[in-house]
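Below, subunit A partners subunit B and then partners subunit C, in two separate complexes.
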Partner chain A sequence: MTEYLIRRILQSVLVLFLVSIITFVLIHAAPGGPTQVFLSPGLSQEAAQIQAKNLGLDQPIPVQYMRWMGSLLQGDLGHTFKNNLPVGEILWPTMQNTLILMSVAWLFSLLIAIPWGIYNSTVEYGLSDQTASFISYLGFAMPTFWFGILLQELFALELDLLPLSDMYTMGKEGQIGDLFMHLILPVTVLTLGFLASYVKFSRSSMLEVLNQDYIRTARSKGMKEKRVIYRHALRNAMIPIVTILGSDLAILVSGAAITENVFNWPGMGRLFVEMALAREYSVLMAITLITAVIVIIGNLLADILYALIDPRVQLARKGGASA
Partner chain B sequence: MLIMVLIGTLLSACGGSNTATNPPKEEPTPSENTSQTEPAKENTTKTPKDGGTLTMGTFSDIVTVNPVFQSDTSSGDVSKLILAQLYNLDREANVVAEPWSLAAEPPQISEDGKTYTVKLKPEAKWTDGTPVTADDIIFTINATRNPEVGSPGISAYDKVDSIEKVDEHTAKIQLKQVYAPFIYSLILTLAPSHILKDVPPKELKQHAYGTDPAKTVTNGPWKWSEWKQKQHISVDADPNYWGAKKPHIAKVIYKIYADQNTEVQALIKGDVDTVSAIPVTQLAAVEKRDNLRVVLAPGPSYEYLGFNFDPKNFPDNFSLFEGQKTRQAIAHALNRLGMVDNVLKGTGKLMNAPFLPGSWADPGEAAVNYNYDAEKAKQLLAEDGWTLGSDGILTKDGKRFSFELQYNAGNSRREQISSIVQQNLKDVGIEVKTKGIDFAAWVDQHLNTGKYQAILMAWSLTDPDPNGESTFSSKYYPPAGQNSGWYKNEKLDELWVKGYSVVEQSERKKIYEEVGKEISTDLPYIFMYQYGTPQGIGPRVNFAEEDKPEPSLAYGYMYRMINWWVE
Partner chain C sequence: MSVTKLQRKRHKPTPGSEPKLEPPVERLSDKPIGIWKTAFKKFMSNPFAVVGLVVLLFFIIIALFARVIAPFDPAAIDLINANLPAGSEKHLFGTDELGRDVLSRLIYSSQVSLLVGFSVAIITVVIGSLIGAVSGYFGGWIDTFFMRLVDVMYSVPTLFLNILVLSIFGSKFSYMIFIMASTSWMGTARLVRGNFLQLREMQYVEAAKAIGVSSWGIIGRHLLRNTTAPIIVSATLMVGGAILAESALSYLGLGVQAPETSWGLMLSSAQEFMLVDPLQAIYPGLCILIVVLAVNFIGDGIRDAFDPSKKVRIPRRRLQEWRKNFSKSGI
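And now, the complex of A and B:
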């Protein structure tokens, strides 16, 4: 297990390094640099060049990359071009905000989706199953922003029961009760989106298992249906579910730009879009790398969970094979 | 001189490229005819109340309030609260010393028109108690015009020869030549010399002044207390403010929303008290609420369809827009009035020359007005040698009349306008391919290099002066200049210079009338319309009639806010 973990971590470092190079090159290849965005068109060529030099933007990309990597290794994420703010100062609070919103929505939808999907697999095409299908279609088909605006119109403007947007009411920062009220609408929107895929997914992975020979064997031995479902089927059905959850883990920090926009949640999705438009390379790099780290951790967790769920999975050999 | 500046109306700031803050000139007639405040509340009879909080909505965070680097609208908004301006504009866009201006009296201009003397109020102070002095003026202007500093406002002072300190409160600015528009460059906020003078020019941009509230001394009615990035900025009335006239509102919160739609929702809900730009698509939703007021008027910006005159941008080096009659035909083919009525919904006004309607330099009837007349357009095109091809598209010397019209993606107004242009021109046999491009990429690859066939763009007249040399003169070709369409007209080149080389307004007016006639005949652009952004005001906001918002001025949505109050 320890050996496996060390190998996975080393692999991850290599992956992160490659991700950082690829993103760095891609971001710099995007047309228009930060200077185009914030410098006035009235600025003379010479002045623009001096400015680019001050910011180190006149250097070749490999040199810029080495500089960026150098400061990153010393724990410095860099500064924004347009106003020299430390990236961490923008990033960490924003990430916390996103984490709060996304983890509540995610946990909430998992708590609903997995048991519901499992139940639906046992009573295929029953009322509950049909309802789940309907909700899934709705979740897939309805644009997030539209659903968000509908909820706002109804609950915030017409009925005036809930806050319209933001994370806190001005002057009530940090109060849990206020945060809770502000979470209701965006969490509803996000949950609908998550439910749509998770209910369907857990139902279908259960169904797949339930059609296996060993389930028929178990049933034919006269085992109780409950025991068949929970002891034999569920464990095996959990494997694909865990895979999905592991790879979805990154949304907890990468956020949901559209929902954040509609509810004016000061989160990562919005930040990324804004920073991409402003060509703030250091912020974009930091967000990409953090997301990559979480994706890697998510996959690692999933792999470890496989071993816990299914004793047949042996981590060491699995890791070795994929190396 | 930076009279015009391009606006990239995007989610993020305004593309971040407005400098200075100065609006177009209005005739000294009352501006009621251009702005209607509805419904007319009888707030003139009430007495102002001190205290309370006013929340302003915006859709982009500030960048810096350091006057040397401030260039985007949001930073400008916050600057207006915490930093006094040297001079202010009155409702008719005259440069004046108001009780809240740093200057004690209007600038004195020497006989030869080349020396400007500025006198400060001796009582003006920074929040750390240091007096505001001539050194602050000298530092701010010199830092801005120093290329090593990298200020976006550099061109505003390129005619300055030297600045000298006459005494503690008086500065004398010497120009290299007579340059009438310079007076508007004096509407500036000052950076504190005592804090920044020892910072090497290259490091000024990295200095925390302007981004860290604790390290930003200010001299305005409110002082900066908090910046929660991407969320809000708050300023509090400064108890030690030097001005004789104190602000009524105790706290102003500048609240940042994800986009204009969210912002408008918040206005409806009552979370914010004013919104400076309601998208026209949301206008109806705001107007139907009885408790909200909408200030609806064209603002200091105009949109145009710009032609490119460099043949290299066209296949076989065949410039489609070479013929003057061709350009006039396009002007006749466009239903500009229809655009104003259907897309701009009361916030637009037709214009025929690059001078705002109603401003002193507006050539009025002297400029040619092209009415919507497809038949006339077809006739002019035929006279210019275009014949209808078998596919319904005009041809000349075997070349089809087909071009690409670029605009910045995400700007819904331009999206709508470009498709109307496409339809209108199709009716006369011209094929238009519209193309929306990401703002940063557009500026980099097309505007700065002058590589496009035609563009849909706008200029924001940040300065009330009519001088347009940097946009239309052949002295200002890309990459350094803003004449990105490579337009050349020797007569105009000369007229622009003549126009700013006299100070007397009545003489300048005659010159700009000539400019208006020539430019509207020759058409480097199709001048489309002046447009504005409707302001929304919530029920808690009060102001006397003389302090109401002035949409014809840049930052007019917070005009004389020092006198507003909330209940």
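And now, the complex of A and C:
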């Protein structure tokens, strides 16, 4: 276990390192890349050269990368070109906002999806199962932002029940009740997306268990169906479910980019789009790296959880859990 | 037609050997049917898949003949007739905030969506299959390299990656297709690699090696050909994903740009003007939903068609005929 952990962590560090190199090179080597964007427009050739020197842009790319990495390791994410704001200060509050939105939506949809999927596995092709499969078709084919816009038109404009967008009403910052009202619509949009995959997934992982021999044994020795389901099947079906939750952890920071834009939610996804349109590369790089870190930690957690819950899994075998 | 007649017609029994009576169902299918023909039959017997195909063909025809069908130039601005409601004379679906005809814009947008959907899917599949094939067949450091690359690509959310690269290189239409393809090949690569790992242990591969077929010959002629079905399925499902991704990027302002038109772009301006004309938000989204649903139905249909555990549905009338003959044959 320890050996496996060490190897996985080293692997993850390598992947992170590669992500940082690729993003850095992509951004700095691009035609019309930072050297043009970073510099203030309308400078004379000489002045531009001086400014490039001040920003360290005249150095070869590997040197620039080492410098950037060095300050990153000291916790300095860099500054924006416009207004020279520290990236960290912009980033952390938006990350919190995203976490609020996503954790509510995620927990809410899990509370619905897992019991629903498990129930559906016991009544295959019943009305409830058909409804779930209809929802999942819809969830996979419907553009999330369109669903968001429709909800806004119906509940905010037509019926005037809920706020149209943003996180708080002006002047009510920090009030939980106001936040709750603002959460309802975006959470609904996100929930549809989550339900589409989670209901199906928990249903199929439960069905797989129900086809096992030990379930037949349990049934044939006269055990009550309820006990078979809850005692024998459910516990085994939870294994893949818990694993996928670990690897989906990354969604908590990145999954809401489009929804945040629809509802003007001041989160990381909206910041990313805004900064991409403004070509603020230091912010983009920071967000890219942070999401990569979280994705990798999530996958690592999923693997470890898998081994902890299921004693049959031996992590020593390479890649056994990451299928 | 009686059973015995049928049988005599097919294989003439050599004199002396008794014509053996077999269950007719067996005999009717004893002519080998290719995997493609079976798959096609299964596909056509799936109503969802057929409806999907019809709908997709409808949109393809609209896209191909957009110039003929569209009543107006989609970019023609007519400020006097701005924000006309749906059902107006001349403008069936009304006009947008700049007086552009919504119907024409919807029609021209289908070109963008389908072009992006299909070209991204094709390029993705080519890149993904190549990488998957090479790493699955050769293994070793090539495999390690590409699979680490897959890990790296997977560790940044695809949407973020697309946005990042589009912001660097600019939102040209051709760039967009290549960028979207180069950020979504990983799934296909893993799929093909997994299949290759299994297939390369097969005896026919060993036999091909023994008679001196080159590696690329084996990859192309034996392994890829046996992976066609899952590749086609993943390509089809990717078309829908690419259409959704394009609409999202255009909605965010990083995809198709202003004089051009796209369903995603239409939605973003519809949201801005939803107080004036809330109905404008409905049509483009509905188009995306219908096209993607159609493509996904087709994809599911193809997947089931190649799945041997899913049987062909035999029409009831023919089944009854067989049963009758079966009982007549006296077995």
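The criterion applied here is as follows: the second predicted complex is superposed on the first by the 275 of 323 C-alpha atoms of A that agree within 3 Å, B and C clash if a C-alpha of one lies under 4 Å from a C-alpha of the other, contacts with A are read in each partner's own complex, and residues count from 1 in each chain.
In the analysis below, a residue touches a chain if its C-beta (ideal position, glycine included) is under 8 Å from a C-beta of that chain, and two chains touch if they have at least 3 such contacts.
Computed from a predicted structure; not experimentally measured.
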Requested in this report: Answer with first, second, both or neither: which of subunit B and subunit C does A:273 touch in the superposed model?
Outcome: both
Query raised in the report: When the two structures are overlaid on chain A, which partner does A:152 contact: first (subunit B), second (subunit C), both, or neither?
Result: both
Query - Contacts of A:90 with subunit B and subunit C, given as first, second, both or neither - result: first
**Report entry** Contacts of A:22 with subunit B and subunit C, given as first, second, both or neither
**Finding:** second
Query raised in the report: Taking the superposition as given, does A:292 touch the first partner, subunit B, the second, subunit C, both, or neither?
Result: second
Requested in this report: Return first, second, both or neither, reflecting whether A:180 touches subunit B, subunit C, both chains, or no partner chain.
Outcome: neither
Query raised in the report: Is A:260 contacted by the first partner subunit B, the second partner subunit C, both or neither?
Result: first
Report task. Take the contacts of subunit A with subunit B and those with subunit C, and give the residues found in both. Result -> 30-33, 149, 152, 157, 261-262, 273, 277, 279
Requested in this report: Please give the residue numbers of subunit C that touch subunit A in the complex, ascending.
Outcome: 148, 151-152, 154-157, 159-161, 163-170, 240, 244, 247-248, 251-254, 264, 267, 270-271, 274-275, 278, 281-282, 284-285, 288-289, 292-293, 296
Query - Partner subunit A, residues of subunit B touching it in the complex - result: 2, 5-6, 10-13, 15-17, 19, 55, 63-64, 69, 71-72, 147-148, 150-156, 202, 205-206, 210-211, 229-232, 253, 255, 257-259, 262, 265-266, 268-269, 271, 438-445, 447-448, 470, 479-480, 482
Query raised in the report: Which of the residues in subunit A come into contact with subunit B in the complex?
Result: 30-33, 36-48, 50-51, 54, 79, 82-85, 89-90, 93-94, 149, 152, 156-157, 164-166, 170, 260-264, 266, 270-271, 273-274, 277-279
Report summary line: Within the complex, subunit C is touched by subunit A residues 11, 14-16, 18-19, 22-23, 26-27, 30-33, 137-138, 140-147, 149-150, 152-153, 157-158, 250, 254-255, 257-258, 261-262, 272-273, 276-277, 279, 281, 284, 287-288, 291-292, 295-296
